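Structures are listed in the sections that come next.
Two complexes are shown next, each including chain A; its partner changes from chain B in the first to chain C in the second.
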Partner chain A sequence: MKDSIFLAWRYLRHHRAKTLLLVLSLSVFLGLPLVMRAMSRATQESLLSRAEATPLLLGKKGSSLDLVVEALYFQLKGAEPIAEADVDAINATELALGIPIRTGLTARGFPLVGTSLDYFPFRGLHIAEGRGLAMMGECVLGAGAARGLAIGPGDALLTSPSTLFDLAGVYPLKLHVVGVLEPTYGPDDEAVFVDVKTAWVAEGLGHGHQDLKDAGPDLVLRRNEGSVTANAKLPQYNEITESNVDSFHFHGDASGYPVTAAIVVPHDEKSGILLRGRYVDAPTRQLVRPAEVVDSLNKQIFRFERILEIVVWTVGLATAVMFVLVMVLSWRLRADELRTMTRLGCSRWKAAQIMGSEIVIMVGASVLLAGVFGIVMAQYGETWLQNLILRGS
Partner chain B sequence: MLGYIRQAVISVRNVRFQYPEGGFSLEVAHLTVEAGTRAAAIGPSGSGKTTLLNLISGIERPSLGEVSTAGVRVDRLSAAARRSFRITTIGFVFQEFLLLEYLDVLDNILYPYRLHTELRMNASVQARARELASDLGLGGLLDRSPSELSQGERQRVAIARALVTAPKLILADEPTGNLDPATKQQALDLLFAQCEARSTTLLMVTHDHGLLDQFAQIVDVEALGSASV
Partner chain C sequence: MRIGNCGPSGVIVMMTTLIALLLGCSKKAAPDQEPKSQHAGPFVIYTVNYPLSYFAQRMAPVGARVVFPVPPGIDPAFWKPTADAVQGFQSASLILLNGAGYARWTRYTTLPRTRIVVTADGCRDGYLHTEQSVRHQHGPEGEHAHSDLACTTWLDLRLAACQASHVRDALLERWPEVKDAVSTGFETLEQVLLDLDARLRTVGKVLDGRPILASHPVYQYLADAYGLSVQSLHLEPDQALSDDDWKELEAMLKQQDAEWMLWEAPPLKRTKLGLDKRGIAVIVFDPAGQAPSDGDFLTVMQANVGRLECAVGVKACP
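Right after this comes the complex of A and B.
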């Protein structure tokens, strides 16, 4: 047997291009269906577990899937916002805790999530390095975002401008990184968390500038009794610091300011049912159970997975036929070698053993490669597939 | 009589053979080649030279008659026993060399040891293969692929492969047919020298009548019996 393996190995090594092609084809045939199924299952479970951990979600009436995807997984879907007043209204019922979620901006490619301090204990997020949010202008990074940006507490991070070519638009806000969260292997890892008011400042809904009471005439356009109008020369702050934080303010009623959604955490089951009842006929708002929404998404994924499996098996069958064809042709081309074997006294069994060893080595290498492919995909594929599903949903 | 049989490495008597699918058939009345003899088998194409070698080596089995090779009645052996007998007793040299491109020179020489469990590969076998290669002028080419060798060198590897199992008989089927005249004589000289050094009997099929004066026995296959298609 040792000699058969030796000869088989030498043959395969000599014809390495053909061998590599066959091994790759076979490993795809063997690995892809299993990896796809495992990844799909893991992704569905991961999506569902986060949705199940979020009892209710309040948002603007419209696509419940877009609302859930944006508020839970921070994938920007352009969900219409509700108002801060809606969050206040939830809290005022004393039936549940309302946690605002404001998305829409990014910081160097990572989603900027404005929320309240309640979000962190609700999601079970713990600070791994630095401290939590204490004042406006600060941010806490998810573990993945910190790793991706290669920054940590003490560093600064600029928000990305929403409109790059609009010079009169909102300028980037410089955020101070004060903490990094422990990894959770979910969407929170890839987010940059700020206080919801900081998110509004980053959006240009609030701003800070020099106190106009002391402003010189070169900065003032008009000074009336009770109001001062500054001209365009008045410097605006693009960074919130301890010395200028008091100058930041919001014009108008902050209760009308936008939030993408509110996570609603009922105090008990009955409160949740009561709250859901109140929003059943709400003309412009919806209170959804994210688990139901994600479950419906998973059913679609499952249907797609079935179709994909048929495609993969068809390709696999073609690969198997190709493999058999290549082996048969290869043995035909080796007729001289087989004749030599026979004339020298080699038995048919031994010849079959040599050929069989070639197949076993190739199949073994394919299984090994498929295993490595599976491990790599298990490591990185779930996030990739999750993003693919959520972006495409 | 017994003493005579012991000394005859090849003994063929009243043999009749026909390929199973019909067509070619061969009859041989009597042939004897004694041990240590350098014999040449001649005859026109289709006279049955290669078939005769196949009968002597046990690749084919006659329907009638006796074939005794190295004292063994190969016509009485089973297919498996004939294979064992062949690989341990006979060395083959082919016109097309039939070397394996995926093995280097040393592994090509040792190839028979990879094909049969009765031949045990060990350090002394490897040493013998190296020594043989050195004797045949292949000492510096052991790690080369056959594709890197000249025709003459390839034939020398084939000769070394035939000799490595220390066979009692070498059957060579037009081993110089693909070589130019200078290389041809060089290869023959090496083959003859190696057979002589090991007292190995050689039966070589050839079409080249210019070589016949170098053989002690000439076997005219056409004159042995009859061949028909």
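Right after this comes the complex of A and C.
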């Protein structure tokens, strides 16, 4: 048997190009459907597990899918905001804990998520390096964001301007990185977490500037008793530091400030049911169960996956037919070679063994390649596919 | 028969290894979904000023730890905590805030909302404002003012009793098994506060709107609750008054013929002599925002009320 394998191996090495082509074709045929199915299942499970870990989500009435995708997976879908007062109202019911989620801005490509301290124990997030949020102007990075940005505690990070060409718009805010979270292999890894107040400052809803009582004439348009009007030259701080943090303030009623959604964690099952009942007829708010929303998304993915499978298997069948054809034609072309082998004393059974070994080695190499492809996709494909699904949803 | 280095048996071994690796990589480490309690262990109460710390200590049963982390000599209303101090508050089981914008630092720090109780909220219809702050406008946002609220709420002793009742409610909500101890602690405290309140009302009636000067704008709630006509300056007891300060004082005296001046602490001897010369008697009324070096909140308040009663003639001076 060993000599048959040796001869088959030498033959395949001699016809490298043909062998490589066949191995690649078989690899795709073997690997693609398996990898697609595994990735799809893993993505669905991953999406669902995060949704199931989020009991209820309060948001503005509209697309529940956009709300869930933005508040749970931090993919910006332009979900209409609710108000901080809605979070307070949830907490005031004493039926549940309300955790605000404010999305909308990014920091060097990573989503900026404004939330409260309750978010971290709720998601089981732990600090790996540095410390948690303590002051306005600080941020904590997800493990992936820290790796991607190559920064850590003690470094600074600028928020990205929301409108690049709007010169009168909000300027980037310089955030102080104070901690990095342990990896969780989910959307939290790719996020930059700040206090919701910091998110409002980054959006331009709050600001800090020098005391106008001491402002020079170049900054003041007019000064009456009890009233100072500054001109647009009055510089606003773009960094919250120990020395200027006192000057940061918000105008108007903070309870009206926007939050994208509120994660609602009922104290028990009965409280959850009572809360859902209260929002059934709410004209402008919806209280959704993210698991139900993601489940319906998964059903759509499953339908799409079935269609894709049919396409992949059809292509695979064509590949298999081509492989058989190539082998049959190859054997015909090798008729003289086989005859020589027989004359040298090689039995028909031995010749068949050599041919069979060639097929086994090629199929084995294809499985090997499909395996490598599978490992790579298992490492990176799930996140890629998850992003593709969430962006396209 | 010898087969080359990359022979088929090597391929089979590699294949098996890779398949095993693939299977191993297919299941990722699941994140810890179990929320962990941030305040496991002893019941710890953090407060932003001394009165709340005192109320909590009076009511909290054995086992609870009350922490008032502002160092002595610093006015808790203007304290700026370090990140470590904020993390201390974050680890507390209960955080007692005063309300009325007291402790400005709480606006720009990250605190766990669910463990915060704002004790003065709901005790009156609205908070009192300090003197009109400067209105200003910058950019296209329109005019606005950073108006500050008067924040020494506990100088209205009924309001202080109300704040104490909110401390009681917070303790009972989190620690229902010690209802009797907490309720008893509250009832005795409330009784003393209401007795002092009654004495201050008598002082207010006797004064009948006669003007009193104040060295600092911290007596708004005292004035509002007891009908005192208080005009405030910005003077520090441990600093000598400048010529401008004396001019401002004299200008105020021309408008208000005041006989008394409230001070947070005894002023310098020179200041007292200057005031005596102008016919103004010094009354020390310590707001007790910070822990006293001697006694406690109630003894300080009793001394304050006693000095006021003595000055206006409600009771004989000791």
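Throughout what follows, the second predicted complex is superposed on the first by the 393 of 393 C-alpha atoms of A that agree within 3 Å, B and C clash if a C-alpha of one lies under 4 Å from a C-alpha of the other, contacts with A are read in each partner's own complex, and residues count from 1 in each chain.
By our rule, contacts are C-beta pairs under 8 Å (C-beta built on N, C-alpha and C of every residue); 3 or more make two chains touch, one makes a residue touch a chain.
In this text the structure is predicted, and so the values were computed from the model without any measurement.
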item: Contacts of A:Leu97 with chain B and chain C, given as first, second, both or neither; value: second
item: Which of chain B and chain C A:Ala53 touches, first, second, both or neither; value: second
item: Partner chain(s) touched by A:Asp336 [first = chain B, second = chain C, both, neither]; value: first
item: Chain touching more of chain A, residue-wise (chain B, chain C); value: C
item: Partner chain in contact with A:Asp218 - chain B first, chain C second, else both or neither; value: neither
item: Partner chain(s) touched by A:Cys346 [first = chain B, second = chain C, both, neither]; value: first
item: Partner chain(s) touched by A:Asp281 [first = chain B, second = chain C, both, neither]; value: neither
item: Contacts of A:Glu269 with chain B and chain C, given as first, second, both or neither; value: neither
item: Which of chain B and chain C A:Asp3 touches, first, second, both or neither; value: both
item: On chain A, the residue positions that both chain B and chain C contact, one per complex; value: 3, 6
item: For the chain A and chain B complex, residues of the former touching the latter; value: 3-4, 6-7, 10-11, 13-15, 336-337, 339-347, 350
item: Chain C-facing residues of chain A, complex; value: 2-3, 5-6, 8-9, 38, 42, 53, 91, 97, 116-118, 121-124, 126, 131-136, 138, 168, 178, 184-186, 195, 197, 209, 212-213, 221, 226-232, 234, 236, 240, 242, 245-246, 248-249, 251, 357, 361, 364-365, 367-368, 371-372, 374-375, 378-379
item: Complex contact set, residues of chain B against chain A; value: 57, 59, 80, 83-88, 92, 94, 96, 98, 100-103, 107, 111-116, 121
item: Complex contacts: residues of chain C adjacent to chain A; value: 1, 3-4, 7-8, 11-12, 14-15, 18-19, 21-22, 25-26, 28-29, 31-38, 80, 83, 86-87, 90, 104, 107-114, 132-141, 143-144, 146
